[in-house]
Each structure stands twice: as C-alpha cells, then as structure tokens.
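A, B, C and D label the chains in the order they appear, each numbered from 1.
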C-alpha cells in the first residue's frame, strides 16, 4: 500500500467535494499544512466547513481560503489578529461556531476515538452552553460536547516513514494529532520522508494507521510574532 | 520541589487510607509497579479498590494483594489465568466490576482529563450496559461510561528525569499513562532517574505535571508466557 | 474438514492489502503465518502496531509482549502507544478487521466469548471494544463444542461480548456469513458437504 | 498605584513552589520575570510545559511558539505534547493556577474577556477551558477602562468566559478576593487608600 504521493494536488485527488468538513492541524501559523492549503485554494472546492483552532492570518495559511470565499463555516476558538476573518463573520458572510480551544481539541480526538459525545465543565454558564445537554456529576454541572467526524484531515508533521508513522517537532505538534485522528481520510505533509525502520518505535507521536496519504515538500513556516530578548 | 524518594515505602507515606481507590498501570505482568505493590502489601492498607486491567498472577504483581485479602473490589477487564482472582470472585469474597479493556483505559484518561462521562458503543446490548445511560447519536445507540478519579496512581516507567517527565519502553507503556493521569496523587517507580535536561522534550511520553513522587529500583520483570520461534 | 492451520489459512484470505488487523488468541494468532505477500499490519491491543513473530530463544524481552502476554518482536514499521490510544483507534474504526475466537455465535451476529457464569470467568479483555469498533468481525472457531453441539446457535446462551457484531464465521466445516434472517453458507471445507454442514448447525441457514 | 510591572510582581507572590502555572497574554506574561527562586513550571497551552524566555536574535524557531504566537525557548525540563493532552491537563485540574487578563469581572466571580458583541471578536482561545479547569484563577488587569469606568462590576455586561470562576483580582489599585456576597479587599496598592479603591469599584465590597 503506497501512501506516498508526489504533490499536494495528487494527494487530494478524489477526496474533495463541495460542502465537506475538513479538520486542519496547526496553531496560528505554527505547524499548519501550508502545501495542502494551497492545493485546496487551487482546487476551487467550495462551501467547506473547516475545524481548525485559527484561520491563519490575512493572506496566509487558511486565511487564503477566506480570501477566495471557499469557506462557508469555521469551527474555531480564535479569530483575533485576522481582520478578514472578523470582517466576514461580523458581516454574516461566514458562519462561525466558536469552540473553546480545549473543547475543539477534545472533540477532534473524540471523533477519532469513536466517542460521539463527552461531558466538560468548559463553557458552562456561557453562550457556548446554549442548546447543549447539561448533566450533573457529583453536584457539578457539565455540558455535552460532540465528537467531530471530518471527511478529510489535513495535517503537517516533521517526519514520516513510508508507512505513515509521524513525528512532530516542538510546539508544531499542537492540533495535528487530534485533527489527523478525526478524518475519514487523512493527508499529511512533512518536511522529510524517511525509510521505514529509521524511526524509533517509542518516539512515534502518531502511528501510520491514521495516515492515508503523505507528501514531502518545502515549508515557508512563517513566524507570526517574532519576539526576542537582549542577551 | 523534590519529587525523588528513596524507597517505595517512603514514597507512599501519608498517602494510604483504608477503602481508597488506586489506579495501577501495567498489562498482565508487563510494566507493573512491582515495588509499589510490595510496599502496599507491607503497609497493610485494606478494603482497597483497584482499577487495573488485570490483577497480576497467582502470587505475583497485584496477585499478592489478593493473597493478603487487602482488595475489596477490582475494576478490570481480565481475570483469566489467575486462579485466586477467579476463586475469590466466584466465592463472593471479592467484588469485581468488569470493564471492557478500552473502556477502562478511556475511563482513566477521562478522569485525568476532567471528563466525568463519555459515550461509547462498547458493551451495548451486553451486561456491561445494564443500568447505564443509553443515548442515540446518528441512529446508533451508545452507553455512557464515567471517568475514573482515583485517590492514588501507582505506575511503572522506564526512565524519569528529576521533574518527573517519563519515558516508557515498548509495550510496557500500556495502562501506565492513563493510570498516572487519573490519580489525585501519582507515585512512579522507574528503572533509572536521569538528570533533568537529558531527555529530548519531544520524546517524553508523560510530562512531569502528572507525577508527584518518584523512586528508582530493581525490577524482576517476570515474563508470563515465554514464547520463542526456532531460527 | 479443515484443521486449525487450514482454518487460519482460509481466514487469511479475508484480509486485504494495506489493512490494519487485530488477531485474537488461539487459532486467530495462526492467521499471521498465512498472509503471504499482502501488506498487513498487526495490532496488539496492549499498545503496538506492527507486531512481529515470536523472538528467538534468548531474545525475549519482558517489555515486549502481545495481548496474550506472549513474548514477541518488533518490525521496522512498529509503533508503540498507550492503552487509551490503542482502544481509541479500535473504537474509532481505524482497524479494518478483527479475527476472533468464540464460544458461541448466534444467527443474528451475536457473539459470546468471555465467560461461562459460575464456572469460567475469563473476562472480556479487549474483545467487547474490538467487536464494537473494527470494520469487520470474523470469527474463527470449531463448528461444534467438545460434546458435539453446534456453536452456531439460534440465540446465544452465554453472556454476550457484542450484539449483532459478527460478519463472517470460519469453522472447520466451512464459511458462513451473517445475513438477514440467519446464516448463509459461503463455502464448505474440503470433504464437507452442504448437508453435513447444515446438520451440524443449529442456527437458521438461509 | 502599581504600574504593569508592579502588578506582575504582586501576582508572582501568589505562586507557590512546585506549581505548574498558565500565564495569559499581556501583563500576566510579565509575571514570569518575578517568580524569583520559586520552582515554577509554565505551561503554554498550545502544547508545552517548561516555557523558557524569548530567544536571542537569530535563535527564533518557527516550530517553537507560545499561546500568544510569540517565539520562545525551551528549558531543560521542557516537554511537548498535543493540544488534546494539553487541555486534558488543564480540564483535569493539573494546572495549579492561571493568571489572566480580563475585560470585566463581576462580584460573583464571573469573568468576561473574549468578545465585545458586534465590535471586537477575539475568541475565547483557551481561556474558557482554563477558568473551568485550573485550581486557582487570578485576574490581573487595570481597575478601570480607558473611560475611567470600573471593570469590577456587579454583573458582567459582556459575554462570559466563565461563571463564578475568579478567585482573586489584582489591579493597579490593589488586591481583591471574590467572597460570599461580593469582593473583599485584601490589600491596597502603594499610595492608594481603601476609600479610593472603593470609589473606583462598582462591585459590592464586603
């Protein structure tokens, strides 16, 4: 079973459909699937819903799909610092389902783990809780959140072996494993594909069972807030 | 904050109480906290409930606590090959709450993650589902399982640094991370304590935030079913 | 009539290239010997994908066992993870098929393989999760018990492992599918007639 | 009256040796400069424990950022993990305290810090999870907004981040605790009288 594809475009072949739900890894611009996002732009797929913590920034990352109006709805925790995201939301052009960051991550993991619902204290007593099942456990109130079952996951890792075992690097791991887990099909872009057997089986962050297609490519890895200290 | 203790006995000091709930890592005899189990036997703590996939074997691992009748109740998925476990259960001396293996692991993780309940398909239509909340999602029936919140976790890892960052080895990882996560206090025994900074931060399986006390010691690591092939 | 190895070989034909598969204890374990050049990755539900064969004498590692607690080896593709992650992938439908043993299978796909009340308490281990979660459940077992009674029943008498979960049954007498209304014979073992297979089966054959 | 750094220094006094702590964006970030020789481990909720200072020029790593998307560094004790694990430890109560900024705090401990309807949509990020999960929620903020109005209110007017979640408030005027019936003054900032603090506060002071 060959999982390696030669480009983002071919790796997405046959997987795209208007109106689909895509789970995307990354936090801000860190660990985002740049190449697959570009291929989504190229594909012209539209009316998509994206579950992703952020929506990139103006003109980069998932922000590109805002510019082309391909996104119908975002499931996110954070809008800040993306003017076009806020504009489309406030003008009603874009649907936005706010998810607390931890709820979003857990909903993705839950979907990947066959858990259709779980209870959390997060958001109780806020707008997030409106319309959701409430239940008491040991005298405290919790709300039910549902697992996310995506049609497609797009993910960025550092290294993959040929069977799709993945290793992430530092805080670029973030939402990538849960996003990868919750998709019917998961496509991954990496900086390097290494021969199977060259990764220590105890160092693998996400086993290849979650990974269906892999591409290797160059990443810009733009820094959102370059901050330094003086020596 | 010094987390390193010089023996299993001192590491458990002040933590034991009759009737308490203890989550234990390990699968069969693989990755079990041998030294902490021995210290529990020595302590004489009684009427304890243990959440652990197995209960060791006759006379080894958690089986020792069966021999001394310190266990009131087990929360497990597997009894097989432990004659005393089966005998005490069938004679009514020991309570046994059967948990499907994946449900047990997920219940521990849920407890550690502040999730008091989640839905699963596992066990629907079986005795496991009796008395549990049922709920339909997308036309399929699921049951609710509750998070496990243990008073104490006892866990075996391969290496720890001085801040309690843990690395496990091969299939000895098993229930250890979820068991570690669900305890109010978590005590870990390892084969080697290494200086903080000598573990790659991307290779850590369980961060030290979950770990309160650490001991280093010698492990018998008994093999339950020695099987070999001929060359 | 098939022997254990022939049953395992027949079960191996069920597996497709690229699948991740979980094999139960007993005859299902033997299936690994018959996958040939298909690219199959075996899961051991105690926390491993890419399970290799038993070790050579002297290479046994107490930290490396399968779900049957047997010493095993790793492969170049192996990855380790914890039990919560392992059953996450099972429950989440990432495992294409499980091949399991059984005490009883009913004609509606009910499966019983974890206890005989008051007599034998084995525990369900990971079987309840597997039958609830994996893509396809294939049972491999003898057609009858040691008393000669059919293990393919109208209804299970033992506590269930799962309800309506079995897709296909491979026995020493042949292969049957669970379909609307009962079991359907897919093929008979060498030297077994359809009449013999029917005679040995309590479950409705449609 | 305290300046930003004095507020951060005062907030640092809240932290106890051995704690794992989450610091929000803004003034809370400055708290890290004042922990002294206490053994504090900082969590960055995007997937890191043991957050170090900003890098030296030229050492910035795009794969190493904090929850404010700023480049940071690692420490000898650092461990990385994914977002589900990160919020698992937050929700599970493993983080001893969070120090956060706020737009409004009510006298019952309600907190609002994520949006102004129709005007500013920032998003809650991880704040809702933090206030619901951590052991102790400490708010650090200016006592009044730019119009001079109290940010310590009888009731929040903005959409809530959490209900009854704030334990202690540190402002440029002093320190207040959320108690039965309202806020209780713990101390006043240098040069601030209790009268001045009361006058600048809309919330009930008990």
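Assume contacts are C-beta pairs under 8 Å (C-beta built on N, C-alpha and C of every residue); 3 or more make two chains touch, one makes a residue touch a chain.
Just so you know, these numbers come straight off a predicted model, no measurement behind them.
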{"item": "Length of the shortest touching-chain route, subunit A through to subunit D", "value": "1"}
{"item": "Mean-CA-position distance for subunit C and subunit A (Å)", "value": "35"}
{"item": "Interchain centroid distance [CA atoms averaged], subunit A/subunit B, Å", "value": "32"}
{"item": "Inter-centroid spacing, subunit D versus subunit C (mean Cα positions, whole Å)", "value": "54"}
{"item": "Per-residue overlap in subunit B, given as positions that touch at least 2 other chains", "value": "106, 109, 113-115, 120-121, 168-170, 201-202, 205"}
{"item": "Set of subunit C residues in contact with two or more other chains", "value": "74, 80-81, 87-88, 90-91, 133"}
{"item": "Full enumeration of touching chain pairs", "value": "A-B, A-C, A-D, B-C, B-D"}
{"item": "Residues of subunit C defined as touching subunit A within the complex", "value": "17-18, 20, 39, 41, 43, 49-50, 74, 76-81, 87-95, 133"}
{"item": "Residues on subunit A engaged by subunit C in the complex (per definition of touch)", "value": "1, 109, 111-115, 161, 163, 165, 181, 196-197, 201-202, 204, 207-210"}
{"item": "Of all residues in subunit B, those that touch subunit A in their complex", "value": "106, 110, 113-121, 135, 137-138, 140, 142, 146, 167-170, 201-203, 205"}
{"item": "Interfacial residue positions of subunit D with respect to subunit A in the complex", "value": "44-48, 53-57, 59-66, 68-72, 74, 80-84, 86-88, 90-91, 110, 118, 121-129, 132-133, 159-164"}
{"item": "Residues on subunit B engaged by subunit C in the complex (per definition of touch)", "value": "27-31, 53, 76-81, 86, 89-90, 96, 98, 100-106, 108-109, 120-128, 158, 168-178, 205, 221-231"}
